Amino acid sequence: MDKVRKADLVGLFAHLRDVFTEQREALITLDGRLGDSDLGITMNKGFNAAHGAVEANAADDLGKTLNGAGLAFAKAAPSTMGTLTGTGLMRGGKALLGRESLGTGEFALFWRAFRDGVAERGKAKLGDKTVLDVLDPIAATLEAAAREEASLSAALELAAQAAATALDATKAMKAQHGKAAVYQDGSIGVPDAGGTVAHLMIDAMRAFVTR
Amino acid sequence: MDKVRKADLVGLFAHLRDVFTEQREALITLDGRLGDSDLGITMNKGFNAAHGAVEANAADDLGKTLNGAGLAFAKAAPSTMGTLTGTGLMRGGKALLGRESLGTGEFALFWRAFRDGVAERGKAKLGDKTVLDVLDPIAATLEAAAREEASLSAALELAAQAAATALDATKAMKAQHGKAAVYQDGSIGVPDAGGTVAHLMIDAMRAFVTR
Amino acid sequence: MKKFLNKAEDFVDEMLDGIYAAHPDKLRFVADDRRCLVTARPVSGKVGLVTGGGSGHLPLFLGYVGTGLLDGAAVGGVFQSPSADQAFEVTRAADQGAGVLYIYGNYTGDILTFDMAAEMADAEGIRVLSLVGNDDVASSPAGEEHKRRGVAGILFIYKAAGAAAAEGMNLDEVLRVAEKARANTRTMGVALSSCIVPEVGRATFSIGESDMEIGMGIHGEPGIRRGPLRPADEVVDEMLGPILGELSLAKGDSVAVLMNGLGGTPQEELYILYRRVAGVLAERGVSVRKTYVGEFATSMEMAGFSISIMRLDDELARLVAAQADSPFFAQHQG
Amino acid sequence: MKKFLNKAEDFVDEMLDGIYAAHPDKLRFVADDRRCLVTARPVSGKVGLVTGGGSGHLPLFLGYVGTGLLDGAAVGGVFQSPSADQAFEVTRAADQGAGVLYIYGNYTGDILTFDMAAEMADAEGIRVLSLVGNDDVASSPAGEEHKRRGVAGILFIYKAAGAAAAEGMNLDEVLRVAEKARANTRTMGVALSSCIVPEVGRATFSIGESDMEIGMGIHGEPGIRRGPLRPADEVVDEMLGPILGELSLAKGDSVAVLMNGLGGTPQEELYILYRRVAGVLAERGVSVRKTYVGEFATSMEMAGFSISIMRLDDELARLVAAQADSPFFAQHQG
C-alpha cells in the first residue's frame, strides 16, 4: 500500500481496534506494575469507539473523520491515556483537514501534531518516562523519511523501529507523572505503559500498510 | 456463727468480694455461652464497690448499710445482673432497717425482699431461665427455716442446697430474657448465668457463717 | 484487632473527651460524669427527651442530642447499659419543668436502667414516661412485637418526638407522637462482617468469606438466615418483604426511608441499594417524602446495612421534615 | 469481595440512580448523562464552582454540590477521571453568567480532563479558572507542593470558595479565596486496610495484620512509612508533626480541623483521635474555631483516617462558618 486512502481509514481503525483488543490483558498487566491496571480497558474501549466514529463518518473529510475519532476516543475512555490519545487523534486530524489520502508526508504531519498535542496537554518533558518519549522519535523519524521522500511502508518500518528502541529506553527512566510517579526509583526497569501504547499504534499502522 | 452482727458485715462482703474475684473467669466463660461475656467483670466490680460502701458506712444502720451497698453495686456495674443485684441488695437492706444483727428470720426477710425486688424490676416469670428461678427457692427455703426456727447455719445450708438444685433445673429451661433469649432452643442444657451468681452468693453466705 | 485507640478500657471515656472537645458549644455533661451527656442549649418549659444505651453505635445514641431532637443521653460502655444513676442525672438536667420522656431500645439491661432511673426521678417529683423502640422485624415474629430489638428505626421516633417537643406539645402528646412513630416503623438489617468489641479484642462472630446474615442484630445477635451474598437488588427485595407486609403499604401511602450503614459499608453501596428500594416503592405507588442515606446507627466496623421505613400521616410528615441540629445530624427545612 | 452491588460495571451508574432518587429536590443531571451532576437550585449571576474526579470517595466529590458550596461535579468511574466533555457539560450548566472556577485534585487524569474542558468552555465564551488541590504533605516534600496529591483538605477549599461565591464575590475574588484556603491547608493520612475496586474484585494492596501505613493515598498510593500500629495518641503525634511544621502554627493562631474517616474506621475512633489533636493544639495555644469529625473523603471500605488543618484569618473563619446545605453536608449558622 503506497498510501492510505480515505476509503482505507475504516480498515486501519478496524486493525487498531483488533490489536488493542488482543493486547487488552497484556496492557492491564503492564499498567498494574506501576499504575491502576486500567490501560488495557481504556485502549480497548477507546479504539472501539474511534472505529465506530470512523465508520459512521466515513464520507466526511479525512481530517474531520480523524478529529471525530479522537473526540469519540476521549469520551469513551476518560483517563490519562484516553484523553491524551483522544487529543492526539484530534490534533492529527486537524493537521490533515482537506487531504484525500495519507502518504509519508501526511503521516509525518499527523504524528507531529499528535506528539505536540500530547506534549501540550500533558506538560511532560522528554525523559519523564511517558508516552511522549516514544511519540517524539516517531514524529522525528517520519519527518526525516518525508524529507528523504521514503515510501510509506519504508517510513513506517523506520518509525516502528525507532519506537521500539525508544520504548526500550524508557526502562531506564524514573517516572515523573501520573500514578507511576509514586514508585520513584521502583519504576526503573519497567517500560512505560503509555509508551508501549504508542509503539503498538505505530506498529499496527506499519502492519496495516505493509501487509 | 449464730448471727451476722453489724460488725461482721464488712467481713461478709469481703468474703463475697473474694468469691467473685475468684469466680471472675468462670463467669466470663459461662456468660460467653449465651451472652456477652461480661458477667464475671460485672460481679467482680459490683462486689468490690459493695464491699467498699459497707466499709465506708460500717457505723450506719445495718439496713441502710446494705441499701447503700446495693446502690454502689448498681452504679459500679451497670448491666442486667448489676442492676438486678443492686436492686436486690437495696430492697433487702430496706427490709432490715433498724435491725442490729441477722439471724435466720432476718436472712429470710432479706432474701424475700431481694427476690421480690428482682422480680419486680426484671418482670421475668418463674421458669423463664433467669436468676429468679434460683432466688425464689432461696427465699422460700429460708422462710420455711425461719418458721421452724432453724439455726442460721442450718438454714443457710438448706438454702444453698435448694439453690444448687434450682440452678441445675435451669439447664432444662429455654431462655426468655436478655441476650440469651436469641438462642432459643440452643439455650437448653446450659445453666443460667444469673442463677449461677445467686447460687454463689447464698453459698458464700453459708460458708462465711459456718466456717 | 486494628483499632485506633490507646487503652481498650479508656475507649468510651476518651471518645467522649473527643466529642466534648469537638462540640463544646452544643454538648456538655452533668454530675461531673462525662457519661451523663446533655445539650448545651436547653429550652425552658419544653418536654425533656432522654435516651441512652451502650456505646459503639455512633451516631446512636448521643448523636441525636440537639435542637429539635433529644435533650440528653446516658452513655454506657461498648454494648453495655449505662447505670441507673447516670440515667437519673441526665433526667434531672433534661427536666425543664414539663416532664421527661425516655426513648430507648428494647434491651434488658437498658430497660432495667431506665425503669430504675424513672423510680429515682419519681421520688424527686419529676414526671417520667417511657417508650421502648422495637422496630427490628427480624428479631421476633409479628404478634410478639414487644420482644423485638430496637435498632436504626429509633431515629424516626427521636425525630418525630423531638420535633413535637420543640413545637411545644406536652408530655402526653409527645408520647402519643412517639408511639405513633413507633407503630408505623419497621426495620430489617443484614450483616457481612463482624464488629470487634475493644475490650474483647476479637470478632464477635465469624461469617464465611462470601456469606451474609439477614436479620442480624447490631451487637451480632443471630439473624434469621445465613447464606451466600446475593446481588444487591435481591438482598433488598428479601428485606423489604416483611417490612412492606407489616406496614401493609398501599398505593397513595407516604413514607420516610432510612438506609443505614452499619459502619463498614461504603456509602456508594447504600445508594445502589436505595435505588432498588425507591424502585420497589415507586412500583407500588408509595411516595417517599423523606430519605436518609448514611450511617445513623452502627456497630463499629461491621459491614452491612439496614432499611427502616416509617409510614407517614400529615403530622408525622411535618415532624420528620422539621429543622433539627446536632453535631451528628443537621437538617434544614426543605 | 463482599460488596452490595449488582454488576460491577454498573456500580457507578446505579449509585448515581440511587442518589438522584434520594435527592430529587437538590440534585439533577444535564446532557442526558447522569455523570454530569449539577445542583437543582442554581443561583443566577453567581460564580459557578465545578469539581469532579473518580468515584469511590463519597461524599467526595459530588456530595459537595449544594447551597453555599459547589454547583456541579463531573463523575468518573471508580478511581477514574470523568471525560472532558462531561466536565464541559457540567461547566455549561454551572455558568450563571459570572464564569466558572474548577476545583479538583492533583491527579494527571483529572488535570487533562479539566484542561481540555476549559478549552472547550473557552471556545464557547465561558470564562474558566482552575485551582488544583494539593494538600497531602505525605505525597511530596516541601518545595515540591505542585506534585502533591489532593485529598480531604479540598473540603476547606470548597467550603471557603462556596461561601465566597454565595456572598457574591466575582470570579477573581473567589479564586483568591480558594488559593488562600489552599495555601493554608495541610493533610496527612494513615491507612490500616485496603479498599477493593469493584471491577477489580480484590484488595488494591495488602498490609500486615497489625500494620499501618502513614501517608498512604486515597487510591492506595504508597505512603512514607509502614510499621506496627501504635497507640492512637502516638499516631496522631506523628501525623501532626509535618502539618504543624508546614503551617508554622503559633500561639494565638486559629484553625479549622477536619478528622476524616477513610471509610472503614468507626466514628468512635475518630473522636479518640481528635481528643489528642485538640490536646496538642490547646497546648500550643492554637484555638480551634471549627471542627469536622466524620467521613468527608473516603476510599470505599479502607480503614484509616486523615487529619486536615486549615489556618484561619478572619475572612476564612467567616467563610468556613457560613451556612451550607447539600444532601451530604449540612451546616447551619453557629
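Every chain is named by a letter (A, B, C and D) in the order it is written, and numbering of its residues begins at 1.
Everything that follows uses one rule, which is that a residue touches a chain if its C-beta (ideal position, glycine included) is under 8 Å from a C-beta of that chain, and two chains touch if they have at least 3 such contacts.
Keep in mind that what you see is a predicted model, and the values were worked out from it rather than measured.
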Exercise. Determine the centre-to-centre distance between chain B and chain C, using the mean Cα coordinates as centres, and give it in whole Å.
Key: 34
Quiz prompt | chain A-chain C separation of Cα centroids, rounded to whole Å | solution = 57
Quiz item: Whole-Å distance, chain C centre to chain D centre, using C-alpha means?
Solution: 29
Exercise. Would you mind listing the residues of chain A that make contact with two or more other chains?
Key: none
Quiz item: Could you say which residues in chain D touch two or more other chains, in rising order?
Solution: none
Exercise. Assign the assembly's chain-to-chain touch graph to one of these shapes: line, ring, star, complete, other.
Key: line
Quiz item: Every touching chain pair, please?
Solution: A-D, B-C, C-D
Quiz item: Which bits of chain D are touching chain C when the two form their complex?
Solution: 2-7, 11-12, 14-19, 21-23, 25, 55-56, 58-59, 192-193, 209-210, 212, 229, 231-233, 235, 259, 263-275, 278-279, 291, 293-295, 298, 300-301, 303, 305, 325, 327-328, 330-332, 334
Quiz prompt | Interfacial residue positions of chain A with respect to chain D in the complex | solution = 36-38, 71, 74-80, 82-84, 86-87, 121-122, 177-179, 181-183
Self-check item: Complex contact set, residues of chain C against chain B
Solution: 76-77, 79-86, 108-109, 112-113, 115-116, 139, 147, 200, 217, 219, 221-222
